[in-house]
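Look for subunit A in each of the two complexes below; its partner is subunit B in the first and subunit C in the second.
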Partner chain A sequence: MRPDPRFRVAIGGVLVALLAIGCNREPESVSSKARVVAKSGAVWGRDLANGLGLQEWELCAELGGYDCIGEAHLVALGGVEPAVLGIDEPLPNATVSAPIAVDRVASSACAERWDRDQAGPAVIFGAVLEKDSAANREAVASRLVERLLARTATRDELRALTDLHDAVAPVSSSPARDWGVGACVVVATSTEALFY
Partner chain B sequence: MLTRRQLVQRLAAAAGMGAGATLFNSRALAQQGDDPRFLIVLCASGGGSIIDGPLAIRASESMNPDGINTFPDELVTTWSDSPFRAVDQSAGSMGPIPAGFSVRPSEFFGRRRNELMVTTLTGTSVNHNIAQRRSITGNEAWLGRTLQEMVAWQYGMSAPVPNVHLVAGMGYNESGSDASVPTYARRQIVADPLLWPLSLDGSKGLAKGLDPAVLAAVRSARNDAFEPANRFDQIFAQSARLKEWKELRGGAQADIEALELINRLMIAPESTSFPLSEYGLSGSPSADAVRAAFPDYAIDPLHAQAAMAFLLLKYRVSVTVTLGPSFSFVYDSTGAATNGLPDDSVLNPPLAFDFSHQAHRAGQAVVWSRLYAVVDGLISLLQAEDFGDGTSMWDRTMIYIATEFGRQKTRPSGASDWGTAHDLNNGVMVFSPLVPGNTLLGGVDPDTGLTYGFDPLTGDPEPGRTTAEAEVYSGLLGALGIDTSGSGLPDVPAMRKG
Partner chain C sequence: MSRSPPPLTPRPHRSLLGFVGAGGVASLLLLVARPGVAQPPGPATFCEAYPDAPACAAGEVSCTTCHVSAPSLNPYGTDLQAALLPGAARPLAEADFTAALPDALAAVEELDSDGDGVDNLTEILAGSSPSDGGSVPAPPDCTDEDEDGWELCGYDLDYAYKKVMLDFCGRSPVFAEREAFQAAKDREALLHETLDQCLDSEFWRGMYGRVWNLANSKIGPLQAVKSGKDVGPIPLADYDDDYAYFVWTQTEDRDVRLVLTGDTFVSASHVDGVTVYEEWNRTPNQDYELRGYDRYQAVQRSRRAGLLTHRWFLMVNTMFTAIPRTTAAQAYRAFLGLEISKLEGLYPVEGEPVDYDSRGVQTDACAQCHSTLDPLAYPFSRYEGIGGGNGESYSYNSRRLDSFTDTDGAFVAETPEAGVLFGQPVADLIEWAEVAANSDAFLRATVSDYWEMLLGEPPRATEQAEFAELVDRLGGEHAYRVEPMLHDLIDTEAYGAP
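And now, the complex of A and B:
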C-alpha cells in the first residue's frame, strides 16, 4: 500500500525542519567527557610546516644546528629517544618547558615565513606586506586560521588577532612584521593547534 | 589563576586531616621554602650491591671465603676509625667486554667516609621497575608519595621547578600515587641537560623570533583573547590536559624566564657545536666549575646530569633532583686501543649494575666507582657554595643512593668474576651532614654475605632483624626534617643526626 501523499509531504517537511535546525544549531558549549590528546611534536610540526608552506626541517634549529622538533625539544614535545637517553615512551604529562619550546618553534617558523614572503612569492603575509592596513591584517588573520587550523575563522577570533596590533605597536620597532609573526604564533600555539 | 599558596590552602581545606600539619599550612610552607633541605637521589640503576661497596668482606673474616662474595684481604682498604671499606682493583677485561678497568675507591672513602651513613635494607621485590619505585616510596609507606615529592612539597613551594628528574623511564622516576600531592611537587623530567636550557626562554637565543615585550603581548592575546573565543577551547574547557597546559603557561613559565635560566643553566662552553655568543647567549657563570667537576659531560649523560643537578640547586630552581646512569652503554672512544678496547673506556656497561648478570665483580666495581665520582663532585661543588647565611649548600643537602636490590651473595668456588642474580638483601648509602656520618646501621654476616638490621631507636645492630623499606623511607624523611605527623610511619631516630 502506498502512503498517503499528504503524509509524505508532512514527513518531508519535518525532515527539512530538523535538518535546518541541525545545521544552524550551535554545538554544546562544554564537552562532559573532554577527552583531549596532545599532538606529538612530530605531528604538530608537520601541521605547522604544511600550514606555513615550509619543510619540516626549516621550522626551527636551535643554535643553528639542533633541529627543534627532532632533537633539541624532542622529548619535551612528546617524542622518544631510547638510544642515548633511554626514553622509549612519550612522557605521560607535559613538561614545564614544553609551552616555552612550542613558542620558540612557532616564533622561529612564523618569522621564517615572514622573511620568505618578503622575498616573494608570498604565501600568507602578502596583503600586509603590500600595505599594513586594518583590512589587510584581517585578511592575513583569516588566512592564518585557514592554513593552520584548516577552517574558517570566526568574527571573534579575527577580532582577537587584529586587536593584537594595538598591543604590539607600542613595544615594537617593526609593528607590521611583529604583528604578522605574532598573530601567526597565536594561532600556531593555540590549544586547537596543539591538541585534538 | 590560583597561586601556589591559594592552592595549598584549598588542599588543606579539602584534605582536612591525615598528613603533616606543615604540608597543609601555606605560611609554614613559605617559611620552609626559606630554610630548605635539598635531596639528591642518585639511582644505582640495576642493583648496586652494598657488599661490593663500603661493606666489602675480607676473605679472612669469612668461614666460607671461596663460596661467597669476599675479596682478597690485600685489596680491601680499611680505616681504624670507620666501619667502611674500599676495594681497589683492576682487571684486563669486564667479562665479555675486552676493556680493562682500574678503580680506586679508597681515595674517595678516604675523603668522604665521615659524611656517609650506610643503612642495611631488605627489599620486597627483585623486579627492577617495582623495586626502583619502592626505593623512593618505601614500598608505598605513606600513601604512595615519593621522597622527592615530599621534599618538593615541604620545601619547594617557591621554587619554579621543585622536583626535577634528569633520568627517565625507570621506577625511580614515577610519580607517586597520592592525588593530594600538589601539582608543583610532582616530578618534571628533563631529558637532555645540555639542550634543555634552550627551552627555558621564549625569546632569547633565537636567530629569528620575537622580542620579549612583543612575545608577552602575543601570549596575552592568545591566552586572554583568541582562545576564549575559540570553540575548541570552549568545548573542551574541562579537559585536564588543557588545564595542565594552561597552568604551565602561567606562573611557572614567568618565573623560569625571569631567572635567566637559558644562560645560567647552560653547561656547554662556547664552541662550534654551541655558538652561544652568535645567538646572544653567554653560558652559565658556574659552567667552568661544573665542567671541571664532571669533565665527561659531553659524552657521558650522567656527568651532564650531575652538572645540571648542581646548577638547579644552586640557582634554587629545584629542591630535589634525581639522576643516575641509564641502562645504555656509554663508551669513551678517545683512548688508544691495545689488545681490545682501550682501558677504562667503558664509562657505563650495558644495563649499568645489572651487567652483574654477566660480570658481577667488574660491573659492580666500575659502576660504583662511577657513582662515587659523581658524589665527590657534587659534594665539592655544594661545599663551595654559600647558602647565604654563612653555611654551605652542602650543609642542608642529602645524597641518597637509591637502588633496587642487592645481588646473589654466593659465587662459584674461588671465581674472580662470575654472574649474579638479584637478591632482596642489601643496604643503601646516604651522604649528608644531616645524618650521622661514618656510621653503619646494622651489619653484615661475613659467613653468608647477608646484611642484618638495627634498632631504629638506638641504632644498635640487631642480628636476626632486617631493615624494611618503610623504615629507610621514614628515616630519610626524618633526617630531611619533613613533617610526617599523622602518617603512621615508623620513627627511626637512629638515622637523624644529633
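And now, the complex of A and C:
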C-alpha cells in the first residue's frame, strides 16, 4: 500500500520538527489539483477509534464527562452547531485551539490504547510491552501506520518513528510507554491522518 | 410617492441593460453579474470573445470576473471599465455599451491587471483569474516524477475510493479494504458499489448526517423557538419537519424538485439506530389534533409548495411582515443560489417596485434590487407568519393583507398575489415554485451544494465543463435525482485526481 504522495513528508516532517532529525526526501511531485480538505472531527475521530480499536466515546473526555469531539471541541474540530450557536457550516479556517484539541484527543486516545494493551489483550503495543527492543519498536511503528493510515509504512517513516525513542529515553521514567504513546500521537496527528 | 396599479410586466430582454443608463460601474457590474435565464450581453459578449475560456464552459461568467463584491470592481474590471469608450460621457447608452465591449475586452488583453506576471488573455484562456495575483495558470504538465503507483496527473481510482469512503461513509477504508479494492478486477464498478452502500449510511442520510446538515443554511434552525423534540423556551415551529423533508427529497430515487413543489410532509425517527423517513399527508386539522398547536402544519394541501410553505420557513422568514421580502430572498438564496444583496439574479420588472407597503423602496438606491425582489415576494404574501394577519398562523389566506392596512397603509391590501420570477409571470406561490424548480438556477444550485460539500470550494475555472455536464445530466437523463448525479460527480477528474 502506498503513502499518499501529497502527504509524503508528513510523518517525517513532524518528526523533523520534533527531533531535529532529517529524512531523505524523495523527488517532489506536483499534483494537478492539489485539493486537500480537512477531515471533520467526527470523521477523524472515527478513523482514530477504528485504528486504535476503541469506541468513539472512549477516545477523550474533557473534565471526565464532555466528549472531546462531539461536545467540548466540536466546532474547533470542524463540526457544526446550527441550532444554538448558528454555526451552519464548518469554520472556513482552523481555530487557534484546533491543534490543541487534536493533540488532546490523540494523546488521550493513544494513552488509553497503551493502558488497555498493558491490561491485555494487546491491539497495537503488544510487542513493546513484551520486550522494549528496537525490533519490537519497529513492529509497533509499522502497526501504527497500518492501522491509522491504512497502508504500509515506508522505511523512512519507520526509521523516523523508531528514532523517537532516542529522544525520549534520556528524559523519561517510562521510556517504553512514552515512546509508544508519542509515536502513536505522531501518526494520529500527521497531515495524512487529518486531511484527505 | 407615485402610486400605480401593479403592471407586473417583466422586461427580460432589457433586464439588466436598463441599468447601463443608470451608472458606469453599476452597469458593468450588472451586465457581467447577471446569471440565469435571459442572455444579457456582458457575459455573452465575454464568452463570444473567448469561447475556449474554461470560465465560459458553463455558458456564462460569474460576477467575480469583474467585481470583488458589487459594486466594487476588481483590477481586471477596473482596467476594462477604463478601456470602455474612454472619454465618452457616463452613463453609457445600452447600445453603446454593447457595441464597445468587444473592443474594450481586446484592449485589456495584453495588460497584467493583477500584476502576477501573466497577461490577462493568457489567464482567461488558461482558466486562472486575471484579477487575482495569487491565481496563475497551472503548469502545462503535471509533475509526477516517481513511480509510486499514484496517478497524480489524472483520475486515480485508489484515491477516489478512499475519498468516497470518507465523504459518504464517514471513515477511511481500513488496510484490508484498500488491499481488496486494489486487487479487484473491476475497480470502477466496485467504486460505485461502495458509493451506493455509503449513500445508505447514517453518516450520509441519517438524522444530523451530512445531507441533513446541508440544509442548515436553508432552514436556519433556532433552538430557542423550536417546538417538538428538544423544545425551546418559546415553541413556535418544529424545524425537524424541514430537515426530514429536505433529506427525503435528496435521497433514493426522489425528484429533487419536490423540495419546492411537494405537497406532503416527512417525519424522521430512529429505529434500531437507523433513521427512518416517512411521508405523511394530514390536513391541518388532522395534524393539529395529532401534534398540537405549536407543531401542526397549517397550509392546506392545494396551497403547499414544498419547504417554502412549511411552518418553520414561514415563521422564521415571514414573521410579522405584510410583504415578505425576506422570505422570498431566502428562497432565492437557499434554493436557487442567487443572493439579491450581491445583485445576483436581478430581473427588473417594468413599473416595479410599486411600494404597496410604503417602505420607500422606489428610491433609486432601493429600486435597483426591489424591482426584482418585490414581484418575487408578492406570491409569498398570502401565507401567514407569526400571529397571522386575520387567519391562522402559517396558513394560506387570500385576504391576509387586509389586516395590515393599519400598520402598512390602505394600499397594502392591493398587493397582487401574482408575481414575476426570472422574468416569467406567476399567478401564485405554486407557480413560483414550479418555475423555480424547473429553472437552470435550481439545477446549478443543487449541484453546487454537493460539489462544494465534497470538494470544499466552488468549481475552478478549469472545472466548469465538468460542472456544467453534471448540471445538464441532473436535469436530463437523471430526471432530477441527486444520487445518480453523485455517481457522476465522483467520476469527475475534479473529484478523483489527487
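Keep this in mind: the second predicted complex is superposed on the first by the 167 of 196 C-alpha atoms of A that agree within 3 Å, B and C clash if a C-alpha of one lies under 4 Å from a C-alpha of the other, contacts with A are read in each partner's own complex, and residues count from 1 in each chain.
By definition in this document, contacts are C-beta pairs under 8 Å (C-beta built on N, C-alpha and C of every residue); 3 or more make two chains touch, one makes a residue touch a chain.
All values derive from a computational prediction rather than experimental measurement.
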item: First, second, both or neither for A:Val171, with subunit B first and subunit C second; value: first
item: Partner chain in contact with A:Ser29 - subunit B first, subunit C second, else both or neither; value: both
item: Touching partner for A:Leu144 - first (subunit B), second (subunit C), both, neither; value: neither
item: Touched partner set for A:Lys39, first subunit B, second subunit C, both or neither; value: second
item: First, second, both or neither for A:Tyr66, with subunit B first and subunit C second; value: first
item: Partner chain(s) touched by A:Asp88 [first = subunit B, second = subunit C, both, neither]; value: both
item: Contacts of A:Leu74 with subunit B and subunit C, given as first, second, both or neither; value: first
item: Partner chain in contact with A:Ala127 - subunit B first, subunit C second, else both or neither; value: neither
item: Which superposed partner A:Ile100 touches (first subunit B, second subunit C, both, neither); value: first
item: Interface residues of subunit A shared between complexes with subunit B and subunit C; value: 27-32, 35, 37, 83-84, 86, 88-89
item: Interface residues, subunit A side, partner subunit C - complex; value: 1-6, 26-33, 35, 37, 39, 42-43, 46-47, 50, 80, 82-84, 86, 88-89, 146-147, 150-151, 196
item: Touching residues (chain side subunit B, partner subunit A) in the complex; value: 160-161, 167-170, 188-192, 195-196, 198-203, 205-211, 213-215, 217-222, 225-227, 229-242, 244-245, 248-249, 252-253, 256-257, 273-276, 278-279, 301, 326-328
item: Residues on subunit C engaged by subunit A in the complex (per definition of touch); value: 138-139, 142-146, 148-150, 152-154, 158-159, 162-163, 166, 170-175, 177-179, 182, 213, 216-217, 220-223, 226, 230, 239, 455-457, 493-494, 497-498
item: Subunit A residues touching subunit B - in the complex, by the definition given at the top; value: 27-32, 34-38, 60, 62-66, 71-76, 81, 83-89, 91, 93-101, 103-104, 107-108, 111-112, 115, 154, 156-157, 159-161, 163-164, 167-168, 171-172, 178, 181-183, 185-187, 189-192, 194-195
